[in-house]
């Protein structure tokens, strides 16, 4: 299923090289000002074209089909679509029986018995994060309209390929692209200005919902809150946040419930799976080994484009907590 | 909400020092052999009493109220309760206005406007993982009855306080207990013998569901799959799993769907929040600083008791994928 | 699945002749006064023993296991069980291969491959409406605590066996019991004091939710709102409710949303399936025709006991609308 | 929320006079042949233009945006939109403060604080049943692909304005149109060729799910299964279906589970709310009484167009039961 949320429900659809991709957002309050322009800032932050990202420029023009009337949300579901205009389907036809390493090609083909759309990863494409970003824009507005304007959701790329010094990123990206290889990265997200008492014990803990949503972003390998994995190497007296809070080892969450401190989490993104280097793979029909050159133009480090996506899914979770 | 799952639905209830804790499992197939004894092995693995765990021995006797007839599941919901017999409520009454560092006391009190049961963490207590373990026993049986007997779910504690050499754990635990402090740890879970093609794209990705369930376990700070956070520091040519699979950097999952390789994930547990050392905290009513000595008998490292809980929630997810 | 509701979630479990039946209610607000006595009035209204109902007196003593502390709800799930004490299992053992007409025996046996508990209808027994009534008590309190005290939910039996004159019911019941036969009836429910604007368009229309919940009551054959089936025989100019509302042909609902007028609906209950008369049926194992005398003591008209159940499911729906 | 279903999930969106209306169907199996032409037969059955229906011909051209590749479903969500081309918005602007009797105008305006799209009923328009019909086409295919080709879903209009003799319908419709009034009707739906054992006890009983879905169709006032309301006036010995089944008073369902006999239910539709006659209503802003002439061209009896819609929602339920 491609749906998330109980109160603020997000349904994504579409394939990378199909007619259109899109999202239906249900559970939006009536009366929130919303127009096409509201989406452009976040959509631009996800766009390719900058250093380290693919030169393929996609059409990212949102078309609002429903749920908005005279510049305000109506309370009815908001459907938004993005037409696919710049698809080069020819690139992918040869790959049908030759799964690309790191991609969903093989697993999807087993699951859908070969009927999945293979062009550009089809429904598994990172392009599907575009409707997520659109849903995130609405979610941010809904959350703010409920709890006031103090909300701040800010995700930033903190590491590329293990390098934390941003001054060295340009050279690292250039060298890696030159090698025909790719890089991963770590995004940190901070959510400030939220009230204490959000979330539910157990299965709807704030961490459960955020991690659920974050792992829907293609390419995520891990998530940690507050002190994260490092907490497992600390003593209780070091890790515990003493009241009044002067540190935030719990990442703003106790027992699954917000404690009023900022929510802090980090997300590990893998290196881009599609690389220019020749890779070994298997022709799953014939069983013979194959040298594979993945066609198309790819991000050297797609993590560069992900902070706004992480913010979007975090906002979608927040909009479900109120 | 305290419910998880679409096909195999788990509802937990209860408080640490109330009448009883328990679970209702709905969506169980008819005809699976099930009796009280089937639960005892996993329940024993979670039990306290061993080195590094609390000497407080709880009553962990399951009482099956429904859904089983003549030794087999009937297809109707299975309700299981555990009476609370060994509760020392007196220990906790003094704490009402003095939240224990690292616990849900403060956040819960805000959320539930002071009406939450404060005794032993109430509904937020780690004791609630006992019904999870019971549900996991049923989940393992259901999954095996559907996909055959090849399933292996095995979770192991790999680190305590950063120490990976198990020979040194006894001394580390003893010293830490002597200091009145506590330790965290890392559990690794491996799930082998599962078919390719399980899971859904996007919001019901296998990682989304497993992380959702895992973060419902009290005290989890992070989760990673396959190469995990290390993947963010690898190049694409290093991280990609080339077909036929000789490594498993993706942890058995591509695009949210199982690829037939074992699912591998690691979970970071924080150190036990309740420690013998005196801690600073706040009287939230008067606003004055307080020296707090948390009463009760506690695990030095509760992570020792968690592998079977991690297995249980993983099994609950698997039972939802079929 | 045996669960209902998004915000106020009800999970029932148990079998007529098993250990216990019960309910877990999740999504209850913290701070609502609640004790055992609060349940007794509605439980008594459902009880048997009066004219036209079975002389079998069941144990209807609620045991609250969780979610209540010092006389108030805590916000955690409330689990309530009822032990089964007066079960005569011997009555039912002979019926395993001989489905009782009108009962779920055959359909359940196909669905659960013969593993369902056959004693007294097992999980399909009307006894499972007892936990529904308990959940209804909580639902009424939750709704009132949110929208104020003006709420009135009142269900009444309007017809027995087509007879609307209540003075003639006693004789009708006596005669029918004497024939070894049974009667159905029609219950009307009126919900006043609710605000306009509750409900959702389309799939969560108030009628959708109420009918969904009402058909979970065993023995319901139909439901109608406002003018109901008669509306299909009226002209638009007769049926339309003109503003300001002087009639209520829509039953208080337009487009699935409450309009502020009382919600009015009627529920048709079939005659009790178990009758004293000998009935023809089939031995499903041997295929031969059988004369069946259904053992046990039964209601002549179980509809007599249903008004409080109809109120309960209506209240459960209302608690989900706020 | 505008979503229905657990396994086969349907999300509708759109407004009568907005850009487009549509549906996303999630949970469709891969490999089902599907193309635009497959929708045309059912869409035509819903179309207006025939005797007794509005002469307004809407654009009912489906545009498949996703989930279909090379003529087969891919397993990814299927999004289908219908552009609104023939909208005369001017007709409705005057109505903003003057709710039309029988319509959702007033209730919607309260719920959405005046931000709902008022043109043609907006999201509450009967036009939204067009995407339901499209979803029904997919549901029928999915159900048949799972249980074989024996399925027959057949809904028929049985009564108009209480008249069961079809020969007299033309005159009745003509006279009523001439009076500027409208008529209701009763649709009977029969579902044959389904296996025994579908459905769940209690809240997911087949009746619960079908009634839930049926009441999402605008204008439904009642539903009954098998003997329906008449069952409440029968004795147990008359109503009970004796095995082997020679009658079908239960409508093919016992205890919420199919028994192998055809499912039979009847749906009562109200008369069309919009009539040519002048009606009294209220200006909700000024509080003064108003004479209202509802603009636009309307069905004399919209029930004429509903059998295919009833089939669609029944098929959507069936696709959720497998």
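Should a chain be cited, it is by its letter among A, B, C and D, assigned in written order, with residues numbered from 1 in that chain.
One rule holds for everything that comes next: contacts are C-beta pairs under 8 Å (C-beta built on N, C-alpha and C of every residue); 3 or more make two chains touch, one makes a residue touch a chain.
Treat the numbers as computed from the prediction; the structure is a model and nothing was measured.
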Chain C on chain D, rotation in degrees - Cα superposition, rounded to nearest 5: 180
Interface sides of chain B and chain C: same vs different residues, half threshold: same
More contacts between chains, A-D or A-C: A-D
Rounded Å distance, chain C centre to chain D centre (Cα mean): 27
Geometric centre distance via CA averages, chain D-chain A, whole Å: 37
Whole-Å gap separating chain A and chain C, where each centre is the average of the chain's CA atoms: 45
Numbers and ranges of chain B residues touching at least 2 other chains: 1-3, 6, 12, 76, 111, 123, 201
Graph class of chain-chain contacts, one of line, ring, star, complete, other: complete
Touching residues (chain side chain B, partner chain A) in the complex: 1-4, 6, 10, 12, 99, 101-108, 110-111, 121, 123-124, 128, 159, 161-162, 176, 179, 181-186, 196-205, 207-209, 211-216, 218, 220-229, 231-244, 249-251, 253-260, 268-275, 277, 279-282, 284, 303
Interfacial residue positions of chain B with respect to chain D in the complex: 6, 76, 201
In the complex, chain C residues that touch chain B: 1-3, 9, 11-15, 18-22, 24, 26-27, 30-31, 63-67, 69, 72-79, 81, 111-113, 115-117, 122-123
